Amino acid sequence: MCLSSRTASMVPAAAIHTCRTAIMTHLQQVLDEIVTVAAASTDRGEVADYVPELSLADPAMFGIAVALRSGQVVEAGNARVEFTVQSISKVFTLAIALGRLGDGLWRRVGREPSGLAFNSILQLEQEDGRPRNPFVNAGALVVTDAILAGSEPREVLTELLRFAREAAADDDIHINKDVARSEARTGDRNRALAHMLKAQGNLENTPDRVLGTYFHQCAIEMNCVQLARAGRFLIGARESALISADNVRRINALMMTCGQYDGSGDFAYRVGLPAKSGVGGGILAISPRRASIAIWSPGLNAQGNSKLGTMAAEMLAARTGWSAFS
Amino acid sequence: MCLSSRTASMVPAAAIHTCRTAIMTHLQQVLDEIVTVAAASTDRGEVADYVPELSLADPAMFGIAVALRSGQVVEAGNARVEFTVQSISKVFTLAIALGRLGDGLWRRVGREPSGLAFNSILQLEQEDGRPRNPFVNAGALVVTDAILAGSEPREVLTELLRFAREAAADDDIHINKDVARSEARTGDRNRALAHMLKAQGNLENTPDRVLGTYFHQCAIEMNCVQLARAGRFLIGARESALISADNVRRINALMMTCGQYDGSGDFAYRVGLPAKSGVGGGILAISPRRASIAIWSPGLNAQGNSKLGTMAAEMLAARTGWSAFS
Amino acid sequence: MCLSSRTASMVPAAAIHTCRTAIMTHLQQVLDEIVTVAAASTDRGEVADYVPELSLADPAMFGIAVALRSGQVVEAGNARVEFTVQSISKVFTLAIALGRLGDGLWRRVGREPSGLAFNSILQLEQEDGRPRNPFVNAGALVVTDAILAGSEPREVLTELLRFAREAAADDDIHINKDVARSEARTGDRNRALAHMLKAQGNLENTPDRVLGTYFHQCAIEMNCVQLARAGRFLIGARESALISADNVRRINALMMTCGQYDGSGDFAYRVGLPAKSGVGGGILAISPRRASIAIWSPGLNAQGNSKLGTMAAEMLAARTGWSAFS
Amino acid sequence: MCLSSRTASMVPAAAIHTCRTAIMTHLQQVLDEIVTVAAASTDRGEVADYVPELSLADPAMFGIAVALRSGQVVEAGNARVEFTVQSISKVFTLAIALGRLGDGLWRRVGREPSGLAFNSILQLEQEDGRPRNPFVNAGALVVTDAILAGSEPREVLTELLRFAREAAADDDIHINKDVARSEARTGDRNRALAHMLKAQGNLENTPDRVLGTYFHQCAIEMNCVQLARAGRFLIGARESALISADNVRRINALMMTCGQYDGSGDFAYRVGLPAKSGVGGGILAISPRRASIAIWSPGLNAQGNSKLGTMAAEMLAARTGWSAFS
């Protein structure tokens, strides 16, 4: 790319302007190229089918958007089509929980990759009900339980929406009630996790209360442009009212080691950026100090992450040189 | 710190010189402070006792050295006392194997965190003999087996020493034969892993041949200054004859997700830098584009990583602001 | 003992009468001795505390009763105090399910010991929702689900009570509603199992429906005399309207290999008789062709089986020479 | 059958003689029928291929022999063709170890079914090196280590052969050295187990010493007639110089719960007799107080037990009514 965004502050304003324009032009070309490659892909993964509403997603959809530190956004493909963020919501609830509880949160949930599927229950049995990390389902239920303390589910969801809207600077972000209801009807695996956590003493609220909140947080709907904008609070280059600089680094670290479930190591190896996926097919990736990236394609790989989304993230990192490791 | 090393190339030479001096001075203060804190620590972890020679290490020892991209080195404490690098050698063998085999290596070993101890054998049984990653012992045995193909153990060890010496620009790096022999006598757990891999068809050489090589590679001795220098090939800011830019990023990614065994997530969260530990008490950490860091303290934590070394890495990252995520 | 009950049919009636009297006298002495030893025991195990109602049990209680093939019953201790049979009910539901479904039942549940705790959920995850055997909780839920097919919970519980009453020839056998409600309130672990099974497609009814039935079946109350009588259908010496001779052998085999959860091997080694335990502290053991044995003492060992009950079964087997293996 | 052998001692001699003749005639018919069914079987399982010498076995072979308590033997099929007993030897080493060490043996090995494959290593890691039972490979290595204490491997093998010859009343029982060598060359999985046990402190001798003994004990060769005779010490009806009555019951109990590895529950359900299998295709089953049964067919099922052997045991039990549970 033109030059590292990190150097921007040291360079004359006119040069910056020229440079930024060149960056945007180049980025647009990269995104367009990615959309072209994605459109030609025949192996698009499998759309999640365990939530009926999700299974209706059109596997031909593909969108991508990049929000730069400067606030500018580049987009391509179906970047204005909404989808439910599903597990990407865990990044937002974690940010709220960390901000509120600090390191106290870690008494109830770990920070290690699990080596297991996102919805695995066996680790709870083996490790006395302390989920491995806040991004596997069991861990996210504990985080949601933690921020429910003393509040009504409705209040928590309102706070979460407020956080997402403020982060995205866009009030038009909502919860898709149909998807939430559909998950509630079919979420037996998550119910098993919640009852297990309750049995093991790591849930303060009733399973139903936590699950109700959880199914709704997963059903927050955004399009790629909104999600890329909402992710800017994790870029970390400037002060934020939403989160401390320390927590930015910490959440990025957790996304790097645990954000793609049992595909996190592979994602780090191929893409090199912290990211969080959702079974709706969305991926939120962060290029520290540079950009927030949202990609959406409903077909999933074996680890439950968007197949074309992962491919697109890899292409984007390769074309831009963005990496946490260089 | 004075300014990000990334911007150095854009700034007039005199300013760079002044800046660098300030950086060095500041770094020296940070390292001295770390040594002071380490010296006062009463909970220093447990020295590894399963290799008799390692159990002789003095738990009072503590050394640290930082090699900057520029080549300058700052050091403090027992930074000139040698120790065996143990599992840190896996970074070097992986660099050689990746350079030689490329992605073909991944047919035999994975790239995911294991969620298990460094010497776990159960994952081999559960996943048909494909170790989770090249940094757990089983994975490292496969990597060593891979670079042994068609060569004698002696030749491989010679190549490995040459790599380390060239990386460190220091010919005075050797293998401690006593430690190698001590490990060979007591390495039943590693023997179990090697025979298991052989039984599962993932070892081309005999277990004895691979183990013999492995025990010797682990017994490479360096002091902190040598190790920090040797790690510069992973800083990634300039061309290297030893490794491609892509492999620099990839190895850093693997160190981030898997380098501290089942403490990798915690290390990423607290330190935010890719790193590899050894049971000799050494840690090699990389601040991408900035520096290579070596820390040594023989006492280990429950995950088998240097206890004070981890603390020191956290302090260093906090004081310098170095992080892969900011 | 006087002589093996197996030979009774070959011997003149008068001799049999004399012999039987001697048997009864000897048995009574044995049971009295067992009660004396039990009364003197200071290490009585831990009363189950995860169901509030169960935790109220008096650990000083100890009862034992033996129902011979002839119908005669010998008893000692608190053999007329009622307790909830808990998992011993699984023997009755299994008998009903096997009688109704035959080998079709085994499509949904296995017949192997699990090597895990009675309430383990991890095996479901590892083996795609097919519980290891009908005596671990997950397997019993599947059996209950199977006999619920097309019926109301109330009808199933009525059938189960009818089976138990007919087996015991005693109409005064009931369900303790307080215990059932207490389990329903606190049964999060079982709820987790049921939702997991549902998620894995191995539950036809809703989890709530299966759990409601299950909690009630576990709360069937009997005293030792009633339970010993109820177990006679598994002695196998004569035709039964309740069960086929093949199923008698099969259920005994399952009790032998799986009836004491992860203590089954030890029980077989020390006692040598097929048996099923319940967390209420009851044990039903069968001496094939000879007798049905009920023992009750509320304190449990680490595997969740009655501690003194196990000791008593071992003493009884040693004193009588009863064993499936001699 | 004519009448239960248990009653024999109560009946006039002439009647016994007539009865025995009828029993023998009936048994011969049953065995002949089994051989016919076996001969017609097209799905004969897979011959073990991990030991080269074993893979040479002719899958068309099928032999069966029954040694009654009286000493009489009935045979059919290839009952005079020798095969290596493999894991059936574990019954003999266990008998020796129990006789020598008594309950002290159980400090080092458990008595519970494992729920895992015969050669599983993961349980060792999970349970600190105490194998689940003496019939899984890890447990058998510990038993062999125990009887090696203070002796040379040669002495132990001599004692073992003496035991088998005395039990069979046949001096023509030997070790097949070619098979022992073949196993030694290819036994990496067993080597892994032995080194793991050594690393965990549960092996007193060197792994090589234990493995050398173990590979030779597995290579003891018998034919069905010899094996059926050798198994009579486990019938338990009369005093034996080889073993106490208590240990007869205990070993039968262990065979019932653990003798067919992770197929033990199924075998107990279908056959109802304690038995031990070997990967050479042999099965030794005991009808307590009645008979010792040897069956041989080299093809194995998924659990590593003889496929036709298991079928034959089921047929024999069904035709004779022999069961530990009736």
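A, B, C and D label the chains in the order they appear, each numbered from 1.
Following the convention adopted for this analysis, contacts are C-beta pairs under 8 Å (C-beta built on N, C-alpha and C of every residue); 3 or more make two chains touch, one makes a residue touch a chain.
Values in this document were obtained by computation on a predicted structure and should not be read as measured data.
Shared contact partners of subunit B and subunit C are A, D. Where subunit C touches subunit D, over half of the residue numbers in use are shared by the two copies, so each contributes mostly the same positions. Taking the mean of C-alpha positions as each chain's centre, the chain lying farthest from the centre of subunit D is A. With centres set at the average Cα position, the gap from subunit A to subunit C is 50 Å.
With each centre defined as the average position of its C-alpha atoms, the distance from subunit C to subunit D rounds to 31 Å. Computed from the mean C-alpha positions, the centre of subunit A lies at a distance of 57 Å from the centre of subunit D. Chain contacts here close into one cycle, and each chain has exactly two touching partners.
Contact between chains, per the stated criterion, is found for A-B, A-C, B-D, C-D. Against subunit B, in their complex, subunit A makes its touches with residues 4, 6-7, 10-11, 110-116, 123, 132-133, 236, 245, 248-250, 252-254, 256-258, 262-266, 268-269, 272, 274, 288-289, 323-326.
If you check the complex, the residues on subunit B that touch subunit D are 120-122, 124-126, 188-189, 191-196, 198-199, 207.
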